[in-house]
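Going by the order they are written in, the chains are A, B and C; count residues from 1 in each one.
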Amino acid sequence: MRNSGLLSGGAELTTVPKAGQPGDAADKIAAGLIRGSAFIAIASLVLIFVFIGKEALPVLTSPEVKEEAGLSQLFLPQQNRAGDTTEFNWQPISDTPKYSLLPLFVGTLKVTVIAVLIAIPLAVAAALYTSEFAPSWVREVIKPCIEILAGIPSVVVGFFCLMVIASWLQAAFGWTFRLNAVTAGIGLSLAVIPIVYTVCEDAFSSVPHAFREGSIAMGASAWQTASRVVLPAAMPGVLAACILGFGRAIGETMIVLMASGNAAVISWSPADSVRTFSATIAAELGELVQGSPHYHVLFFIGAFLFVLTFIINLAGRWWVGRLQKKLQGAS
Amino acid sequence: MAAKLEVAANHQSYTRSIPGIRTEGLRVSYAGQAVLKGITLEAHQGEILSIIGPAGAGKTTYLRCLNRMLDMDPDWKISGSVLLHDQPVYAREIPVATLRRKVGMVFSVPITLPMSIYENLTFGMTMTRNGRNDRAAKIERALRQAYLWDEVKDRMQEPAGNLSGGQQQRLCLARALTLEPAVLLLDEPCSGLDPISTRRIEEALQQLKDSLTIVLVTNNVKQAARASDRTAFFLFGELIEVQDTEILFTTPGKKETADYISGRFG
Amino acid sequence: MHAMHTGKFSRADFTGGTLRGLTGFACVIIIAIVAVIVGNIVYHGIGNLSWEFLSEPPRKHFTEGGIFPAIFGTAALVILMTIAVIPLGVATAIYMHEYASKRSRVVHLVRLAIQNLAGVPAIVFGLFGVGFFIEFVGRGLDRGLYGGALVYGQPAILWAALTMALLTLPTVVVATEEALRAIPQGYREVAYSLGATKWQMIRKVVLPQAAGGILTGGILAVSRGSGEVAPVMFTGAAYALPDLPSRLNDQFMELGYHVYVMSTQAFDVEATKPALYSTVLVLLLLTFSLNFTAIMIRARIRRRLRNGR
């Protein structure tokens, strides 16, 4: 089976010209296209950071903008027209535009707190039940339910709030404002529940069975195991879930736009209408004049939301990663 | 020149004088850690060179230098030279893809591509401008060389995953052979295979060695003893000794070799 | 089992029962919420749903007729978005996984940034769309190509699609990378050892294997693209347009945006209620079926991996 072609393999090797192979040109073109596309995509994402930051910066640096909407106007109380009291007002469209962020901050806080107070206990409890107590048929029902809830577009949730929940609440409590912080908060909680549930359920599932078995072997019941062993072990994951849920609530726009009443007032009553940061951007983006102080303030708010949610996500994921490491080391 | 060599009288003497693949002063490091510390070793046409040594000795790394598989990860640093038929393998002018067809490889785990048996065998050929008419003939020849033809000739369209472990490994062997390589590198090809499949592969290699240069890395000392003509012993990235297999296993030159062979460590 | 401790019903059991009951009740509440929402929408929306509703344009201020332009607009938006996002997203993932060095810090940072971009609010993307695409690029194009006339420096389906593409880019990249990671390294080594160039290896082994995951990512991107309203509110969506969009700088009607405007600004809420509910139902069905398809594909892929096909 001597093949003289193989013996002369050496000679073949050097006489083959470099670009003669069928794959080579295609390889170079493909590599170029792939690198180029990746570069464009990554550059675009970086561009978002840069551009929003750039357009927010004049609030801090440009003298014209600072006169009308500098940091002091944004955060400190301003003299009202009569000159007798100081107040916080958000009224960018008026003869004397006012840009105090405090009403928006209070509004965001109210709505987010309500949403989180509803969503977190529900979601954590449901996740605990699903992973520790539930018979398998319940598991088969609740997981798809959560997926469905997660898949409902936020405009639909907002619609439901506006149409149905607002009317129910009005009928039950007779508040002055049909659209207020509670309505929006309830709607927002619907958007927060899926993410808190999912992260919690993942966290509970990653607690190794050995933990549970050890606990039961010492005579503990299922609920004792759940509350004294599983929950503490998965705590970083639960905290991460709460943080991620909080981040989701802060950034959500459509639900609050449709259900919160959009009134930028400072009030601690949950039954009053509110305006959040995200809804403000959405509500006023259409009336922008490029380069005006209003424009830059909206970008300032946008940059704030961007940075805040980005950091929240980083923290949440980092915590989840720590949980995985902790549990993997133990199992 | 090829013709003159072919009519040389003595099988032994002429095959020794045809270099197959060799390395000179090959040094390899990964992320700053030295893995191979200067290996000068030669494998000839017409013989099976086996490489033995404990885990971590650098055997697999050595093999992967020969067909430039280390190129995949830019963190490998290589110096020294690798020569195939006296041509430097790492030269700029050599297209890597062509080199890898001349230097075939069989891995330690039978990795069949998730395709049919036929597609596995033609995979290498689809990337060259080889005429399609040749393919059937080449496939049959490769399968016969791997002692697999009778078992799969009627099953060519089945997924390769349907075959048993030993059959899959022979398929991998045949797959490499379809490209008619000059050198065949095998990295612990029989680990995890049953004794019968192991013997089939060893028999196939015996039949192939006349026309190819075969380098066989193995963890199984007994396999090296029965299946190879010369054996090289690696330890901690160094070549301790290389010798005709019979001599190495009966009267090894170095103490480390004797210790490893007799099982005092490994 | 705990009855073995004490002969009678102890306080511990009561707490245990309560905990079990409370957490179970939480599950019930959630299931009930989903049922109520979906039920309410289906109940009020299904009456109006018909082939005419889906295929005809609206009449008499949306109290009659259908929502065909909104469906068309949504579809056009999503198609443009997909053309942009799939090649870019897949190429980015392939670059990061197959071409870049595994130990590169830059790649690690980029991957981190992409994963966390998914949590950034959609309205911020809308803000970027208006500020960058419309004001900066659009006006720039107008000045350069049209001498200042208002052609691209205004809301347009092109800008909305690009904004949406940026929003969904992380989804596609993450899904593709996941698919690439699932491919055993051995396949790549085998391909190389048989003389494949990098692109041949990607084309013949990697892409066919990753196709399922890429498809999943694409479908999830499309689902998000058809449901999110904030990014398109000011970048191109409009409420009552006489014509369908035919050029890249046209505005378009969109299902989600339509729901938003109709529910907050229509002057005769009672009369438009049926149409509104039906529109919501259509949007819901669309996103559900897309998500469902993606989940099914993903489940099939996982099953195949487990069986070691």
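The definition used in the following text is that a residue touches a chain if its C-beta (ideal position, glycine included) is under 8 Å from a C-beta of that chain, and two chains touch if they have at least 3 such contacts.
Treat the numbers as computed from the prediction; the structure is a model and nothing was measured.
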| note | Most central chain, judged by mean Cα position vs. mean of all protein Cα atoms, is C
| message | Which chain has its C-alpha centroid farthest away from the centroid of chain B? | response | A
| How many angstrom between the C-alpha centroids of chain C and chain A? | 15
| message | As a quick test, compute the distance in whole Å between the mean CA positions of chain B and chain C. | response | 50
| message | Can you compute the centre-to-centre distance for chain A and chain B, using the mean CA position of each chain? Integer Å is fine. | response | 54
| By residue number and range, which residues of chain C touch two or more other chains? | 196-197, 200
| field | Overlap residues in chain B, where contacts from two or more other chains coincide | value | 97-98, 127-128
| remark: Listed in rising order, chain A residues that touch 2 or more other chains are 21, 23-24
| field | Touching residues on chain C, where the partner in the complex is chain B | value | 101-103, 184, 186-197, 200, 204-205, 209, 308-309
| message | Could you list, by residue number, the parts of chain A that touch chain C in their complex? | response | 21, 23-24, 26-27, 30-31, 33-35, 37-38, 40-42, 44-48, 51-52, 55, 121-123, 125-126, 128-130, 133-134, 138, 141-142, 145-149, 151-160, 162-164, 190, 193, 197, 219, 221-224, 226-227, 244, 247-248, 250-254, 257-258, 278, 281-282, 285-286, 288, 290, 295, 298-299, 302, 305-306, 309-310, 312-314, 317
| field | chain A partner contacts - residues on chain C that touch it in the complex | value | 1-2, 5, 12-13, 15-17, 19-20, 22-27, 29-31, 33-34, 37-38, 40-41, 87-89, 91-92, 94-96, 99, 110, 112-128, 130-132, 135-136, 166, 169-170, 173, 196-200, 202-203, 223, 226-230, 233-234, 256-257, 259-260, 263-264, 276, 280, 283-284, 287-288, 291, 295
| field | Residues of chain B touching chain C in the complex | value | 31, 67, 69, 72-75, 96-98, 100-101, 104-105, 107, 109, 111, 113-114, 123-124, 126-128, 159, 161, 172, 175-176, 179
